[in-house]
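Sharing a structure, written as structure tokens. Questions coming.
Labels run A, B, C, D, E and F following the written order; every chain starts at residue 1.
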Amino acid sequence: MPWVLYVGRFQPVHKGHLHAIREILRQEDRLTIAIGSSLSSHEPKNPFTLGERIEMLLDALDEDRIDARRYLLTGIPDTDFHPSWVTYVRKGVPSFRRVYTNDPLTSRLLKEEGYEVRQIPFYERELYSGTEIRRRILAGEDWSNLVPPSVYAFIKKIDGDARIKEINVNE
Amino acid sequence: MPWVLYVGRFQPVHKGHLHAIREILRQEDRLTIAIGSSLSSHEPKNPFTLGERIEMLLDALDEDRIDARRYLLTGIPDTDFHPSWVTYVRKGVPSFRRVYTNDPLTSRLLKEEGYEVRQIPFYERELYSGTEIRRRILAGEDWSNLVPPSVYAFIKKIDGDARIKEINVNE
Amino acid sequence: MPWVLYVGRFQPVHKGHLHAIREILRQEDRLTIAIGSSLSSHEPKNPFTLGERIEMLLDALDEDRIDARRYLLTGIPDTDFHPSWVTYVRKGVPSFRRVYTNDPLTSRLLKEEGYEVRQIPFYERELYSGTEIRRRILAGEDWSNLVPPSVYAFIKKIDGDARIKEINVNE
Amino acid sequence: MPWVLYVGRFQPVHKGHLHAIREILRQEDRLTIAIGSSLSSHEPKNPFTLGERIEMLLDALDEDRIDARRYLLTGIPDTDFHPSWVTYVRKGVPSFRRVYTNDPLTSRLLKEEGYEVRQIPFYERELYSGTEIRRRILAGEDWSNLVPPSVYAFIKKIDGDARIKEINVNE
Amino acid sequence: MPWVLYVGRFQPVHKGHLHAIREILRQEDRLTIAIGSSLSSHEPKNPFTLGERIEMLLDALDEDRIDARRYLLTGIPDTDFHPSWVTYVRKGVPSFRRVYTNDPLTSRLLKEEGYEVRQIPFYERELYSGTEIRRRILAGEDWSNLVPPSVYAFIKKIDGDARIKEINVNE
Amino acid sequence: MPWVLYVGRFQPVHKGHLHAIREILRQEDRLTIAIGSSLSSHEPKNPFTLGERIEMLLDALDEDRIDARRYLLTGIPDTDFHPSWVTYVRKGVPSFRRVYTNDPLTSRLLKEEGYEVRQIPFYERELYSGTEIRRRILAGEDWSNLVPPSVYAFIKKIDGDARIKEINVNE
């Protein structure tokens, strides 16, 4: 059973991600979910650590009753030398030939190495986006309906709202 | 449900690893399997890439019918600055308080950070060890019964024997 | 006698820094002065090398007759992986439990590791700030009264004005 | 016969570069052409890899019938620690005492190490510049007369236009 | 008042180091004590962290009533690219022209950059050496008289004996 | 005209290297000479810097009247993550499909990426080898006939004998 690749940052995990994963698994057997910028955290655009993003994904995928044998979670660090990023992916996950991504750089780099790249149909993109969720948290607006219930509970438990507000002071 | 940590190199995955994982899961709910020296490959002591080791583990754990929701696979790179290795683990996997390892350095580093460390009871260690398996492959001896059937098939498929022999020339 | 930590960039050392150090030493026994972004230099926001910043601090602290046994100077490099920055600090200076900083990221990272963080009361912040001093040097305005006399003399001696002007061309 | 140094990014190679190289070789015996930001590629300001930039330079220099014994091509990576950049240059190319560059940081760093730095007379700088060429490619305007014929052919062959457009989406 | 440089690993600090520092300060005004392999710790040859080595040095120098204004402590990491090590030293400490070291590589690298290098007269080298002290700790022999009393007390306090024994298992 | 790749360490350049280059150029149009372990120097097995090795190669190739348009010199650093080494080569030199090397790891890594690998016929290997030359220099034996005359002169000029002896003390 072949694997395909899906690349995202998951800052934080939201309903758009779950929608995309369900769509991909409708057409593919097994999916490696690559968590990009894996070493970035405590930054306005990347508030959560890799471990926290993994916990969010595991909880949300389990909540959606997605068969755990059909996905693999893995972190991929950013690299200054972009072709090396592709090498980290190629040698760090099960062999794959097809990739799902909407990021132009990821798309270009993988196409140049011979991979087939497919777009992910967005699901109400302006709403279900990490940027919008981080903006709402910072503004003190309601964001509870943009993420799966387990993710909302997790961020509350680790006091993620406070972290986002604190690291945005004077930025 | 809390997580615990198990650290190994899995060069390659063998029956001793599966035995340990089953033993740990008898006492614990969920287990992060940390694949150490994740960036090392194509070396006499580390022939296989992280992606290959992940495929071996997924196949073998599935073959053993271990519930995929109860384990998480992740690679951890070596670092020259040892305390930083602990930080990679702490921030890159779900939060944990207990660790299973027989490696003295890993044990010491994690204990100094306040983790509880438990030994893994070995299962015929002279036989079920990566060192013994790599030695047999190099010597052309039979090693098929030391690893799960799926791992044997995988190494044969990727021509792993030839790689081990080739990278050991003139070492 | 316990140590506390004070984190700054010191680009360049100014009277606000000296004021803060004196205030902290009024309440604490011994102070590790961590010079952040230690590898950055020759940049508009970070013109001086670590060695130059150390010389400025030593001269200014001595000028102020602060007992040299009560402080320790050390450089801390930036890291892309923020939790690793905390590890560099924790393992690179004498053990401490309390930190003085006004930087939100530093504050958050250290609080998450269990440290007590205290604010530093600013001393006429708009005036005594590295940003203002670098702006004045670039604009050719007088900045001599914003830094200790020894720091002014040192920057003149190493031709620091010219460096700041030169690296700001076309930025 | 002594060497001198010329530093550029060559994103892409254009007629201004060739003009500068000819001018320098009128006064100097042998020239090390240091290709800066050597690991950067697939970025809006740095679309081409080091290997591609080397091919462009070799083709264009050969097209201009410049004696291949009089120049050496070499890549120099960016470093966060700027003085280390100078060390990479000093230890990675034939010994030199004079440098040709218009970049203020490069100029300052090398002067502080005792090198003589000379300006390169620009050749219609608004026209013959990487920025202008990348802008034209992105805008779909004609840029063929700004680069040597061999460079134009090379970029077309590797589908460089498409890469520049693709990596600029959403930037 | 000029500075000179003294390079050592201080694993751990012993009476030979103190003897050398007193000898150097008899002839020189001010001394930068560079703690080499600053990121190495928890290894058989490098058991102690940089922070621990700094604490040992501060205690021992204070115990010897050496004027704290006459020395500066700083860590220098190892680098794979040796000339870069020299650059870290040159840009990370107060400007110096003379170096005290018995290490052949350090000596050669600094001489090639134009520094004057002087040997340190050893003080009963077979006895007062980190190698001998680590060997005795591992063997359970008495080592108390080889280090200053404050260093002995510090290592006992942080349970350094146990660490050395634990990280040497199976090495 | 296609390029092929030849990988060596050139510590130092000797007659065996020149023999190999001439043999390859008899069958191939253009040759990228990749200087491996480019950042290693001042070590017993790697005494010379990249810049020094480039000067040796340029002098020796010119002495042999080999057309400078037919070869390109480039340094390739070692990497802990071996597949990344291949990526540095692939993206850092003109596109190639065939490689000449006798190193088993280099050979295996490049074959796994689809390159054709050919052996280099050795030319009196026990004699013409970097190991033998470094051994003779250290032992004070004659080594002048093992290297091209220009290389002998260059090493004498930079006092390379003394460096080799000095860095081997106490190794």
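Definition applied: contacts are C-beta pairs under 8 Å (C-beta built on N, C-alpha and C of every residue); 3 or more make two chains touch, one makes a residue touch a chain.
Being a predicted model, the structure only gives us computed values, none of them experimental.
Its interface matching that of A-B in over half of the contact pairs by residue number, D-F stands out among A-F, E-F or D-F.
At the interface between chain B and chain E, under half of the residue numbers appear on both sides, which makes the contact a different-residue one. Averaged C-alpha coordinates put the centre of chain A at 46 Å from the centre of chain E.
Here the spacing of chain A and chain D, counted between their Cα centres, is 37 Å.
Computed centre separation for the pair chain D/chain E is 44 angstrom, with centres defined by C-alpha atoms.
Shown for chain A are the residues that touch two or more other chains, namely 41, 49, 81, 83, 90-91.
Chain contacts in this assembly follow no simple pattern; the graph is neither a line, a ring, a star nor complete. Which chains touch which is summed up as A-B, A-C, A-D, A-F, B-C, B-E, B-F, C-D, C-E, D-E, D-F, E-F. By the touch criterion given at the top, residues 81, 83-84, 86-88, 90-91 of chain E touch chain D in their complex.
Residues of chain D touching chain C in their complex: 80-83, 104-105, 107-109, 112. Interface residues of chain C, counted against chain E in their complex, comprise 38, 41, 49-51, 54-55, 58, 62, 67-69, 72-75, 90-95. Across the complex, chain E is touched by residues 39-43, 49, 78, 163, 166-171 of chain F.
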